[in-house]
Amino acid sequence: MAKLTKEDLKKIKDKVLAKSALKEEGPRARVTVHMGTCGIASGAKEVMSALMAEIADAGIRDVAVTTSGCMGMCSREPLVTVECLGREPIKYERMDAAKMKRVFQEHVLKGEIQTPFALARGEESSE
Amino acid sequence: MEEKIRITIDGREVTANPEQTILEAARENGIFIPTLCQYADTTNVGACRVCVVEVEKARTLVASCCMPVSAGMVVRTDTKAVRDAQRMIVELLWASGDHNCLVCEKNGNCELQDLVYWLGIEKPRFPIESPGYEIEKTNSMIVRDLNKCVLCGRCVRACNEIQVNEVLDFSLRGSRAKVGPAFDSDYIASECYFCGECVDACPVGAITFAQARFGGRPWELEKVRTTCTYCGVGCQLDLNINKGKIVKVTGNRDYGPPNQGSLCIKGRFAMDFVQHPDRLQRPLIRKNGELTEATWEEAYDLIARNLSAIKEEHGPDSIAGFASARCTNEENYLFQKFMRAVIGTNNVDHCARL
Amino acid sequence: MTNSIEEIEHTDLILAIGTNTTENHPVIGAKVKKAVRSHGAKLIVIDPRDIALTGYADIWLRQRPGTDVAVLNGLMQIIISEDLYDRDYVAARTEGFAELKKTVARYTPEYVEKISGVKAEDLGRAARMYATAGKAAILYCMGMTQHVSGTDNVKSIANLAMLCGKVGIEGGGVNPLRGQNNVQGACDMGALPDVFTAYQKVAVAEQREKFSRAWGVPLPAKPGLTVVEMMHGATEGTIRGMYIMGENPMLSDPDLSHVESALRKLDFLVVQDIFLTETAKLAHVVLPSACFAEKEGTFTNTERRVQRVRKAVSAPGEARADWEIITGLANRFGYPMQYAGPAQIMEEINSLTPSYGGITCSRIEKEGIQWPCPSPDHPGTKFLHGDKFTRGLGLFHAIDYREPAELPDDEYPLLLTTGRVLYHYHTGTMTRLAKGTSERCPESLVEINPQDADRIGIESGKMVVVSSRRGRVTAKAAVTSRSPEGVVFMNFHFREAAVNLLTNPALDPIAKIPEYKVCAVRVEAA
Amino acid sequence: MKADNAEILKEFTPEAIEILDKVIDKFKGKPGGLIPALEEVQVALGCLPVSVQKRIAAGLHIPVSRVYGVVTFYSFFTMMPRGKHTVRACMGTACYVKGGKAVVEAIEKEFHVKEGQTTADRLFTFETVRCIGACGLAPAVIVNEDVHGGVKPSEVKGILSKYN
Amino acid sequence: MEEPMIGSIPTMQEIPFFAHQKLRVLRNRGIIDPGKIEEYIARDGYLGLAKALTEMTPAEIIKEVTASGLRGRGGAGFPTGLKWQFCSQSKGDVKYVLCNADEGDPGAFMDRSVLEADPHAVLEGMVIAARAIGAHYGYIYCRAEYPLAIHQLNIAIAQARECGLLGKDILGTGFDFDLEIYQGAGAFVCGEETALMTSIEGKRGMPRPRPPFPAVAGLWGKPSVLNNVETFASVAQIVLKGAAWYASVGTEKSKGTKVFALTGDVNNVGLVEVPMGTTLRTIVYEIGGGIPGGKKFKAAQLGGPSGGCIPAEHLDASVDYEKVAELGAIMGSGGLIVMNEDKCIVDIARFFIDFCQDESCGKCTPCREGTKRMLQILTGITEGKGREGDIELLQEMAVIIKNSSLCGLGQTAPNPILSTIRYFRDEYEAHIREGRCPAGVCTALKRYTVDAEKCTGCGVCAKVCPTKAAKGEKKQPHEIDQATCIKCGVCMEKCKFEAIFVN
């Protein structure tokens, strides 16, 4: 990335927001694996591997995968957030490879929220 | 010169230089604050905390050795909190090692002993626990008994900041911390130069002179100030004499230039020769090819006779004299005077070039 | 020293050339290190050996032994060509600059590198660092003087210091570190063949007459012989009698076999010492003297400070202080010498010696005084040449590099240089009797570079034979990169491996100092 | 030069020495470079024995006493060769209150090591650490890079048996 | 379209753990990918910096930060703006900005989490601080135990450099600032500011006396500002949104939010950010979800080994600098460890003093020797060797050590002892006078006894007892001989009738 000026910051913001926004032409969905130290210690890496394997197997191209830091709720790690176009994000708790596989197959691909593992919906509020 | 500022110590208003510490200002005004780790001409580290005082508006007690004075500062050196802290600190130090004055070379000249006495501590409230280090007696110059070490770090600073030999440092940490050469080796196996600065710096009996052991109690020793006989630096030193013998050599930092109390291994530890049995005690005269003892009169006679004869026969310039860079000014003066005025030759030289 | 020891600690730059300060003058060495570590002074070391000071140095120039004039000229060439010299100082206080400039112009960094092995780039850095430092003190020692070019070396140092205006200022100067406790005093007291006290010349009638009057006898005008010349005289038979007070030429002089035969040829030899030294063993009469701890008097240290010596213990047996012995002898010769003690001798010195005029025993009770101190109210002199040099203007000497007298060749392929080690002193008469120093350094070591050692096939701890055209000694090898390739180092403290059996008696033509620092040797496994 | 390397060659291969010298070169003249240099060397060589410390001291122009003082001050540094795996039991407050002490005791008992020691077979070096920041998993045991959370004393053997 | 089952899933705001939090420092958590600077920028990242560099003078930055009431989040709570002002007034062309990421308190992981999840927030704060004091170089002192944090930081630094947000001519304004990570090598004391600087200088991390203060003579003797991760992470938003915004939450003297690492005997272990002044009860019971297993709350340890315990009676206390200090704890960096009734308070005090004495650098006497002796006394008490007068001696020592130690480590090390004696003196006395550990934790004081009513005399305890301390006639109630019992607890574990209990 080239050296930025103040004006560039806003442009980047708009660009990122535009790019990351879910849309029909893709990406339709985004899966975020929360990978802080505690998440990783609880098995977030296995969850991530399972997810990547599922995506590869399914040959899907319009699902974005991203990582993020700790959600703060260490005792429920690993946590995964699934966002699908036009729907509220869902946080899944205490994930493992099998659950990830199921969430991918059912929720991401078919839109069926897996309530047994779901912790919450929506986003945290910040100022 | 910067302007003096006014501060109050123990109710007395005194003046001080702005860059002075509380300790320095107090000392200058004859107010006693005990110290242990403080050592002139080295960094004030504030480690032992014996010198704590109360400063108005300060959150805690402050170490007077490293707290600079500031205008209007109000200091108390003698409150209960100060004394309680000093007592606790000294008790902790006492209990932390093998401070057994009966067998300690420093008895009578020990700063910890002085502190215990000054504070009037009967015995520490903590069980005495010596770390149990082996006493280092592996060289003939310096003995180290780390069981007596109070970790004031004076030896480390003496080694690093005064002599800049950089042989000693702290190792480990917390209550296991130690001072010494790298890898916890003994002095003789280390790169130590045996300048002995650490011995002079040690306030307790942890680092002492090996050859002075049992050579005399501090109060039995007479210190004679003189100039070192070795190199041309001319270090001022104290020969410590007991019963007509040199027991040890100590530096004295009050003497000022040229060495400010520092010495090297030779000045410090190579004075054995003075008392060596091989010293010449009587004049010797060669008789039948052998050097045999004689009286001064016989020796003088023989010299006067022979040199006069040579002078008579070959002239004064057939005689030559070596003066000595080892002898005093007065002796060299007399020697050249002797050669020039008595023998009558300028054939006088010494080893200046060698 | 032109300046004082304490100034070293607070100067901006120290240039140490030909001085292994930490081993030979440990307390001054400490000041150098302190200046660097605590006060941020810069340090330039010029020495063939990797001495302890190099570890503290900003720049270390490792010249081949004996190439100092080339290195110093090289420094000056850069300083002049880059216009870094002190123009005002040179104009106001010196003469002979044009000559100097012309001579040193030849010493380009590349040329100097060829002669000395010092990298051109390093030479440049050093030149700039020295010239641009505020205060800069040069320290030197026997590594400069014990060469056939010794006088040239010293003059070149003076040239450099004057060129940059660093003489006559606090923290600056040209500072020879005197090796023996009272070598300065012995010189000051006229224990030299051509001068009385304070360098008053025997050849100058006026000065001679002053002493003649004071001593009540006529005095010879012709300068006498130097030590090495005396030995030659003894060999040749012109010197028949010798009186040696407290010296041990049998170990300290170069080419010892020659010294021994000279001393043996004497008709009469008197040696006055505290031990039966190698020299004393050859004497006809040996007089036992008191050592420093057994008598009163004064020593003058390397910074011209006259300090008290005090009696702490009694001399053994019938041994007497040297001054007592001399007065006794003089009286026996019919020349009366009556002194109540050294203090009274000092009074006589005060009266005859301008620079010692005000240095009385009582004044130096607490702290020594640095000469010149002409009168009892004079505080002494911290540094010399503040306003002007002794001769008025400082004279530049245009000097060319000359090779040492003996260089390695096929037969003797290595260069031997000699010196002291920290733990011993001179011929070892005293330190070798001390437990501590002997324990720390029990034997002589031949320091040799790993590359040379590999080539010759020797290793640390093995005995080797070192031989020169004059003799051979056996000692233990210490393989170390402290020694540069092609150079071996030995100390001269051990009679078992008396290095002066090897050294070359070639003299500096002016100072008559032998070239202890360079000779050609061969090293082989023993 | 062979003679200069004699001591260190007894313990390390020429390749290892080359790595060491590279690190020394990297930090030569850098203020405060000692600690990062020691960190890198320890990662590369596994430990910092006397010979290595001497070489670092000489290379960085730092007194060897200071190097040793630093090595023994920081708990990260070790002068002894380590085991194949490093087992660290967290003894942060959270782990302590959740039974970390019992886990430590179990490891010590099971593998006959004390804190700071290496097992006789050189398989494990056992240490305790003051909080790895994974308090949510208390009590935690870290083997090499793997964090094991909620460890019970009885599970210790099973967890460690996977490492060999 | 309404999801058929979604109603059964609570919203984030309906979950108490999240509901009571107010995210400022943690505002990007779980949202951005910390490895992508553009995601940070998309959340208004570096706008604060842009404002500071283009619209504000250094004095204005300091004024804004001062007005916000931000206080150092590392423990002592010194006003950040004031610290910067002192440093900005120090003369010198070389100054340093230092970030303390040596989060050494056991039980604290706030800084790790921020560095892992939002490293740019810290960088941005540091650049702003540099601009305020006139520094051009900085260090982040991060403990080596945080490999992921260091990894994320390295990525963030590289990206920021590439974007011209670090290095020369930042954002084209002509301001230069760069920084590097300095890895701690495992010494808790290096969290102390002068020790941290000594450590960066490549030496043993031993604290130096103050004055001179770091603002005057810090790293390498140059004026330096040291703040912790959370403090720096707060700065950019203060600059961007203004002091008034920041000061809008919190108490009179403690403004803004505080991040806590909530751990121990609590249902929701995790990282929480709450407004200053939130009650301990809210944190423990609402956010933390209470104590597992229906156990009782005994105390919360605040401020790690330098802090103190707050007992149940003060659950409703407001958590802010002043109140916490008044209760004998300190805010510290934010470790909040909840302890239930099963925890022995003497054992906890012993744990903390063990930590402090182990981490003491050894330089000053009170800390080096004093903590060792306090540990010895406390260990004695937990082993049943406590003596009358021990409590008083501990108190006296604690006061003197606090009062006379060289650095913050020693000056706070006795806090856990003082606060536990203050609130749980009876528990100390039970150990000393009755040889009893009320919580049944101290092994040496455990007494295993048989409830004769429940015992069926099955003999299992006698069979498993390694020292034959448990014995009795068949079918008769058994007994445990206290003299030979080694308190291994096997008998209790194996008893099928729950007839063996421990007090």
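Details
We call the chains A, B, C, D and E, going by the order they appear; numbering starts again at 1 in every chain.
The rule we apply is simple: a contact is a pair of C-beta atoms (placed from the backbone, for glycine too) under 8 Å apart; a residue touches a chain by one contact, two chains touch by 3 or more.
As the structure is a computational prediction, the values presented were derived from the model and not from experiment.
Common neighbours of chain A and chain E, by the contact definition above: D.
Of all chain pairs in this entry, the one linked by the most C-beta contacts is B-C.
When each chain is reduced to the average of its Cα atoms, A sits farthest from chain C.
Centroids built from CA atoms put chain E at 65 Å from chain C.
For the pair chain A and chain D, the distance between C-alpha centroids works out to 36 Å.
Chain B and chain C, compared by their mean Cα positions, are separated by 28 Å. Once the centre of each chain is set as its mean CA position, chain B and chain E turn out to be 48 Å apart. In chain E, 109, 112-113, 146, 187, 204, 206, 269-270, 359, 361 are the positions where the chain touches two or more neighbouring chains simultaneously.
Residues of chain B in contact with two or more other chains: 160, 169-170, 172-173.
Counting only residues that touch two or more partner chains, chain C has none.
Across the complex, chain A meets chain D through its residues 37-38, 40-42, 74-75, 77. In the complex of the two chains, the chain E residues touching chain B come out as 187, 204, 206, 208-209, 211, 357-366, 368-373, 376, 393, 396-397, 400, 402-406, 411.
Residue ranges on chain B touching chain E, taken from their complex, read 44-50, 52, 60-61, 63, 66-68, 81, 84-85, 88-89, 92-93, 95-96, 125-126, 150-151, 153, 169-170, 172-177.
Across the complex, chain D meets chain E through its residues 31-36, 38-39, 62, 66, 69-70, 73-77, 91-98, 129-136, 138, 145.
Residues 1, 3, 5-6, 8-15, 17-18, 21-24, 26-35, 37-39, 41-42, 44-47, 50, 53-54, 109, 112-113, 116-118, 146, 148-149, 159, 162-165, 169, 171-172, 241, 245, 267-273 of chain E are the ones that touch chain A when the two sit in their complex.
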